[in-house]
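Next come two complexes built around chain A: one with chain B, the other with chain C.
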Partner chain A sequence: MPFTAKPRTFNAAINETVLGTGAKAVTLGGQNVLPLYFFDNTPKNAPAVGIEITDTGYDATGLPALAAFYDGAATPAERAKKAASAEGVSFVCLRFEGADPGGLNKSIADCVAVAKDVLNAIDVPLVVAGCKNIEKDAELFSAVAEVCQGKNVLFLSAREEDYKTVGASVGLAYGQKVGAESAVDINLAKQLNVVMTQLGVSAQSIVMNLGAAAAGYGFEYVASTLDRVKAAALEQNDTMLQMPVMTPVSVETWSVKEAIMAEADMPEWGSQEERGIRMETVTASACLASGAESVILRHPASVKTIAAMIAALL
Partner chain B sequence: MRLFDRAFTGSDEMFALAEAAVTKTIDKLGADAPVAFGSTAYFLPCIYAYTGRKITKLSELKDVLEPVKGWLTRNYRLNDVFTSGIATVLAAEIIEACKYAENPTPYEEKYHGHMTDAEVRELGVPLVTQDIPGFVVIIDEAPTDAQAQVLIKGYQSRGIFVFLLKGAIDQAERCGIKMGFPVRIVPVGPGIEAVSHIISVVVRAAFIFGNVQPGDWEGFNKYSFERIFAFVNAFGPLENITVGCGAGAIAMGFPVITNDTVDVDVVPKSLIIQTNIDDLIETSLEARDIKIKVSNIDLPVACASAFEGEIIRKADMFCEADGSRKDCFELVRTKELHEVEDHKIELIGQDFDAMEVGCKINLAIIIDIAGKNMQSDFEPVFERKIHNYVNCLEGVMHTGQRDLIRIRVSKSSFEAGFRVKHFGELLYAKMKNDFSQVVDKCQVTLVTEPELVTKLRKEANEIYDKRDARLRSLTDESVECFYTCTLCQSFSPSHVCIVTPERLGLCGAVSWLDAKSTNELQPSGPCQVVTKTKVIDEAKGAYEDVNEAVSTYSHGALDKVTLYSIMEDPMTSCGCFECICGIEPMSNGVIIVNREYAGSTPLGMTFAELASMTGGGVQTPGFMGHGRHFIASKKFMKAEGGIARIVWMPKALKDSVAERLNISAKELYGIDNFTDRIADESISEDPDTLMAYLSEKGHPALEMEPMM
Partner chain C sequence: MALKGLDIFKLTPKTNCKDCGNPTCMAFAMKVAQGAVSIDKCPHMSADALAKLSEATEPPMKTISIGEHKLGGETVMLRHEKTLVNKNLFSLYVCADMADADIDAKIAEAVKVDYERISERMYVETIFVNVEETQTADRGIAVAKKAAATGRDLILRCTKPELAKEIAAAVPVKVLVGANASNYEALNAVATEKGLVLGVSGKDLGELHDTIEKLEAAGNKNLIIYLGGTSIKEAFAAAVQIRRAALKDEDRTFGYPAIVNLERLAPGDDNLQASLASLFTLRYGSILVMGRMTYADALPLYGLRQNIFTDPQKPMKVEPGIYPINGAGENAVCAVTVDFALTYFVVSGEMERSGVPVNLLISDAGGYSVLTSWAAGKFSAGSIAKFIEEQQIESKIKSRTLILPGKVAVLKGEVEAKLPGWNIVVGPNEAIQLVRFLKDYK
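Coming up: the complex of A and B.
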C-alpha cells in the first residue's frame, strides 16, 4: 500500500513580526505547522539566524577563525559590517556588554553613539541586547530606541521587573519591537505577554525570549517549554503565546566548559574553537526543532551551518 | 447661579475669546498664515484628537470654530456640561494657537507654554509605568503662601508631577520654589487658556501610548480616565471660565478639588470641596485613586532576604518579645478609609531606650488597612507575611504567628539606632508596596505598655477565633468559585491544582483564601477563578467548568478531574504533595503516608516509591497526592465513602490530624475516637497484621463496598 502523507496544519498560526525595514527586513513567524515540519506546509517565513557582536568586542583567544573573521575591524560599526556580511546572516544582534555598571559602565551617550554607528553600517535588521542590569537596560533601551525610530529595532528584553518601562518607552513611545524575556516557564511567558499587551504594546510587536540553556545543561526544560508553547499556540489557539520566539543561543553556549576550556589544558578534547562551534550549532538546531523562530549565534561558522540546515529543510 | 450655569457661562466666555482671537489674528496675518505649536507631529493636538482635523493655517482654525460651537449644547444634562467642557478646552487651544501664530515663542521665560512631543514622551513613559504616580494642575493662589509651599512640596515629595496655572505660578515664585520640567514643577502660563497645553499632553499620551485614533472622542476620554492619573486643585473664588475648563477635566476623568464653596455643588469622585488646605493632598489622591509607592524605608539597619535565617542568640540579644511568656501578638485589621491615617506610626508605651538589656517585653503590632478592594479574608494572608518582613531585618529574629510570636532584637541593631517605630516603618512600606492593589491606606500601632497589650490581646483573640470560625464555615458548597494553582508547572508542566475551601493545594501551602488573594493581587498570575455552575456529579465533585479549566491550564494535557474521588479521574499531582494516599486492596481502604515518614508502608512501598507513581501531572487511579489539612475534610475521597476508608497512617501524621479527623468521623459516621481504629507503623507494616488489627478494632472500611 502506498504511503499517503497526511499534512497536519493548524487553524492557528504564529504571529508575523517584522524586524528592520526595506529590502532586507526580516519577518519572523507566520507558520501554521509544528516547528520545522515544513513537509506539512511550506512556512510563510523561514526561521532566521542572527549574528551577535558586542560593543566591546570578543576576546578571541583560542578562536583563530573568529579572530580572522573580525581581523581589521576595530570599531563596533566595522565589526557589525563584517558580521552582517557573513554567510546565512538575517540580522545583527548588538549586545551592550560594556554598559554593565558592574563592568566598564559605559555611559548611555556612548552606547547611543555606538548603536547609531552600527545601525548606519548595516542594511540587515538590528537587534539590541542589554547588559542584564535592570536599571541600566531600561535607560539604555529607551535612549537607543529614540535614536532608532522608524527602524523596527528589536530590544532584548523586557522582563517582569522592567516590562512597564521597557514596554512603554521602546514599544509605545518609540514604536520598536519588544522582546519579552521569561525564565523557561510557559506560564511566566504567557503572564508577561498578557501584562505587556495590557500596557498597550501590540501582540504583533512582541517577540518572546523564553530563555535558553546549552545542550546538556538542562536543555530538557527549554525543549519542553518550547514544545508546550507551540502546542498551546497552534493546537489551542492561545493568542497570548503566538508571538514568535527568538533564542539567544550564543551567550549560553560560549560560557560552558566545552567552549571555554583551552586546548592546552584539555588536549584530548581537541580544538577549542571546533568545540565551541559544535556546542553552538547543536544547541541552535535543537532550539529550532523545539519551536524557536530565530536564534542568535556568535561564530560565523555556526551561522553558516544553521542557515544551511534551514535551507535544506525548506 | 447654579453650577451648570457657571460652567456654561464660562464655556461661552472662552468661546467668545477664541472667536475674537481668530478674527484679530486673521486680520493681522491673513487667512493663509501658518499656525503650529512646533515640535509636535500632532498638529494642534487637542483639536486633532477631538475633531480629527489637521490644522495648519489660520483659515482652517477659523473653520473649526463652528463644530466647537456645536458642542456648546444647553440641555441641562450632565452630558451637556461634559461636551461643553471639552469644547472649552478646544476653544482655549484656539486662543493659544493664535498666540503661537503671531510669535513662535509667545511666552516670556518664566512660563513654559506648549510642550514638545519629546517632553510628552519623557513624561509619558513614567506616567505609564506609574513611576510618576500622577499629575496635578494647580490653578490660582492658595489662601496663604505657606500653604502653597507645603502643598507643592508635598506633591513633589510624593513624586506627583505639578503643573501650575495663573496665580499659582506667582505664588510659587514668591515662595522661592524652583520650577522647570526637570524638577517636575512646570509653570504653564498666566492665563486659564494655557490649560490647553496640559490637555495637549494628555491627548498626545493617548495617541502615542494608547494608539487612540484622531476624532475618537470616546476613546480619548476613556484613555484619560483609565490611564492618566491627573486631577485639578483649583483655589477659590473660582471664575466661571475656570469652572468651564473644570467641566472638561471632569469629562476626561480628572476630578477637581476646590476650596470654593459658593455655588459649587459636590459631585462625588468628580467635584470635591476641601476647605482644609492641609488635607488637600490626601483628598485629591484619594479622589483619583492614586497610590504612592514607598521607595525609601527609614531604617537604621539593613533589610534583605539575606538576613531572613539569622538567629539571635541570648547573649547577643537586646530584648525579646516572647508570646509564650508575656502577652504579645500581631494582627492585621481591615478598616474603613476614614478610620485610617496613611503612614501613621504610633508607639504606645516605652521605647527600647527605657528598657534594660536582656529584658522580656510586651509587644503588640497592629496593622490597620483600608482599601476599596480590601477584604477581611486577606487579613490572615497579609498577617502571615509579617514573619517574612520582620525576619529580613538585620539583627532581628521573628518566629511564630498571632499571639505566639517571638521577636528578638540584637544589641548591635539597638546600638545602630533600631527602635520600636521601625517595625512600623518597615511593615507600612511592605504592605503598601507588596499589596498595592488592595492597600490604599495603612497605619501601624505598636504597643509596649503591658496592661494595654494584655487588654488588646483579649480583643485580638476574639478576632482570631472569628477567623477560625469563618475558615471552618467555609465549605465547597458555600463559595461561588474555586481557583486554579499552576505555580508548579515550571517543573511539572501538565499539573493543575484546583483549590477549594475544603481541599487546599496538595503542597499544603496554598489554601482557598491564599488563592483568592493571589488572584486579586496578581490578576494574570497562577491562581485563576474557576466557576462551579455546571455540575456533573456533586458527590464525586465533577463539574464541567472545572474540566474546562483543567483542560485550559494543563494546556490540553488533561481533560477532566473529579475533586472528591481517588478512583475516577483523580486530581493530578506535581511532586510537592505533603501526603500520598494509596489504595490498600485487602482491607478495601487506603493508607496515607506523609513526606517526612522514611519507613515502609503496608503496601510494601516507601513515600519516595509511591511518589514516583503519583507525581508528574499524571492521573493514577487509586493514588493521589494531597495536603495534610485535607485528611480531616468531609470531602476527602467522598465519592468512595470518605475518611472511613483510611486504614493506616504513620503515627506522627495520625497524631497531628487526630483531633480534627475524630470530629469529622463523629459527625459523618457517629464513630468516637476513629483514629484509634487506624493502624500505624508501630502496629503493622504489612497487610496481614494490618488486617488483623482492623478486624480487632472493627474498622468501618471492612464493611464497605469494594473500591475496585
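Coming up: the complex of A and C.
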C-alpha cells in the first residue's frame, strides 16, 4: 500500500497574544497543530525566544563569553540594549532580582526608573519578571505597568495568591499582558485561567507560565503537563487552556550543578560555560517540543541556537 | 491494534460446533476480541486465518534488539498516555573519510563520558561508522576496528553491498544502514546472512514505505529506519509521521524505530545538534547520532532521557531510613531529606564529595522533591519528628545536630519545638553548596 502522510490539524487553535508594539511586536500562539508540527500546517507565528537580563546584572565568573557580551554595559538599560541585539532575540525579559526584600530590597521607585530606561533602550517587546516575593511583586508590577501603558508589556507572573491584585492592576487598569503562573499541574493552570478571566482579564491577554525544571530534574512532569495542556487545548477545544505558554528556562537551568560547578572543581566535565549553555538549550528545546510557545534564556549563544532550531523547523 | 469481534468471527469456520466450549463461533470471537480466551481454543481455524490473525495482533511497533539494548516497542505517542518503554540510544558519528587522528580524538573524547546517574549507566551506547562508496574495504575495516575496540555496539553505514559485506566479515557490526530503493536486495542479503539489523532509507516517505514493504515481503522484519541526509524540517516531519502512521493509523510497515543522524542535519554545529537531540528524544528518534559526545552534551541529554523514559505510574523512590555517608557513625551529624530518588541521588552525591561523615535521614515524603512534598504537607516538622521517633534515631545516633534543607528553612522553629534537645541547623538551598557547608561546619 503506498504511503500518504495525513496532516493532522485541529478545529481549535492556540490564542494569539501580541506582545509589544510596532514593527517588532511579537505574536505568540495561533497554531492549530501540535507543537512544532509545522509540516501539518504552515505556521502562523514562530515560537519566540526571549533573552533575560536582571536589574542587578549577572555574576559572570566562569562564563567568559557572557562577560564579553555584556562588557562595557554598566546599567540595566545598556545591558538591555545589548541583549536586544543578540542574534535570534524576539523579546527582552527584565527580572527584578534586586527588588527581593530578602536581598537588596530596592525601592519600587528605583525599579520603575529602571523599567522606564530599559523600555526606552529597546525596540523589541518587554517582559517583566519579579523577585518571587508575593507582596513586593504585586506592588512592583502595578507601578511598572502604570508607566509602561500602551506598550503591551507582559508581567511574570500572577499566581494563585496574588492574581486578584496583579490581574486587576496589570491586566485591567493598565491594559498589559498577564502571565498566569502555576506549579506544573494542568488543573491548577486551568483554574487560574478561569478565575483570571472571571475577574475580567481577557483570555487573549493571558500567557501561561506552567513552571519548568532543568533537564534531568523532574522534567518528565513538565513534559507531560505541557503535552496534556496542548491535547486539551487542541483536541478538546478547552478554551481555558488555549493561552500561549511562556517558559522561563534560564532561572531553572543556571542553578543546577551541571551549569554552576566551576571547571576547576570538576575538570573532567570541561568548560562551565559550555555546560551551562547546553543545559539551557537542551531544556529549552524540550519545552518547545512539548508545548511552550516561547522560552526565556540567559546566554546569547543559547538564544542563537534555539532561534536557529526554530527557523529550521518552520 | 486489537481486532474487533466481528473481524475475528469472519475468520472462524462459522460452523458453531461448540468444540471450543462456546455456543457459537460468534460468541467465541467476541471472547477472543476481549482477550478472554486465546484463538487456539478453536481446533478448526485454518492456517491462513491464523496467519492473518497473528499479523493483526502483532504489536504496532516492533521491538528491535541491538546488542543488549532494545528499541521501539512503543504503544503510545506520549508518556502520560501509558508509558514509554525503550529509551533512545546515543551514537557517535565517525566517517572513514576523516583523518585517523580526528577519529581517534573523537572516540577518545566520547568514551570518557561514562558515569552513573540514579542507578543508570550513562555512556555512548553505539558508534556510527560511515563508509562512503568511494572508500576501500581496507580503510572501512580499519576505521570500523577503531570503533569496535571501544566495546560499544557498531552501526555501519555503507550503501555498497560488496563493501559492506567485506567490512561486516572482518568487524563485529550490529546494524547495517544503507538499504534504499535501488540496492535493497543485495544489502538485505548481506544483513540477513550476518543476522544484522538492516537500516533503510528513502528519498521520501513514499519510497521508504515501498522499500520496507519489499524487504518485509522478502522475509526481513529486523529493520530500522534511517533519517539522514535530508533537512532538519524533513527529518522531524518524517520521525513524527512514521511514528504516527504506526501507532495511530495501524500502518505496521512503519512500525520500526528510527535512527536520526544529527551530524548530517547540522554538520559541525554542536549546540544545534544537542538541541535537536533533545527534540528527537521527545519526538520519536530511537538512535541519535551526534558529531561529538562531551560531558556538556551528556549531562543534560542523558538526564532528560532518564526523566522521559520513567514510568508515570511509578514514582522513583528510595527506602526511608538512615543512610550513613562517608562511614558516618553514631557521633556524625544528621541531615534530613525526602525519599525522592533524584533528591537522594543529588544530595548523597554532594555529601560524599565533601568527605564529611553524615547520617542522612530519608523520611517518607511520598517520593516527592523537598518543596513539592512540603507544599503537599508530606514533609513537615511533624513528619520529621515522627520519623525520628519511629526509626528510634535517638537511641541509634548520639549526635543531636540535624541539618534541614535550606528550601524548608521556615520549618526550623517548628522542628525545634517538636525535637527538644536537638540543635536544628538550616543547610544551604542547593545540594551543590553542601560541600563547602559541611567542610566549614565541621
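Quick note on the criterion: the second predicted complex is superposed on the first by the 312 of 314 C-alpha atoms of A that agree within 3 Å, B and C clash if a C-alpha of one lies under 4 Å from a C-alpha of the other, contacts with A are read in each partner's own complex, and residues count from 1 in each chain.
Keep this in mind: a residue touches a chain if its C-beta (ideal position, glycine included) is under 8 Å from a C-beta of that chain, and two chains touch if they have at least 3 such contacts.
This one's a predicted model, so the numbers in the text were calculated from it and none came from an experiment.
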item: Touching partner for A:R228 - first (chain B), second (chain C), both, neither; value: both
item: First, second, both or neither for A:A286, with chain B first and chain C second; value: second
item: Partner chain(s) touched by A:S169 [first = chain B, second = chain C, both, neither]; value: first
item: Of chain B and chain C, the chain that contacts the larger number of chain A residues; value: C
item: Which superposed partner A:E220 touches (first chain B, second chain C, both, neither); value: second
item: Partner chain(s) touched by A:E135 [first = chain B, second = chain C, both, neither]; value: neither
item: First (chain B), second (chain C), both or neither touched by A:E87; value: neither
item: Chain A residues contacted in one complex by chain B, in the other by chain C; value: 183, 224, 228, 231
item: Footprint of chain A on chain C - complex, ascending; value: 78-80, 112, 117, 205-206, 208-210, 213, 231-233, 236-237, 240-241, 244-245, 249, 251, 253-254, 269, 271-272, 274-279, 281-283, 294-297, 299-304, 306-308, 310, 312, 342, 346, 350, 369, 375, 430-432
item: Chain B-facing residues of chain A, complex; value: 142, 146, 164-165, 168-169, 172-174, 183-188, 191, 194-195, 198-200, 202, 224-225, 228, 231-232, 235-236, 238
item: Chain A contact footprint on chain B (complex, rising order); value: 121, 124-125, 128-131, 208-211, 486, 489-490, 493, 524-526, 552, 555-556
item: Chain C-facing residues of chain A, complex; value: 1-6, 8, 36-39, 183, 214-220, 223-224, 227-228, 231, 255, 257-258, 260-261, 268-271, 274-275, 277-279, 281-286, 288-290, 301-302, 304-306, 308-309, 312-314
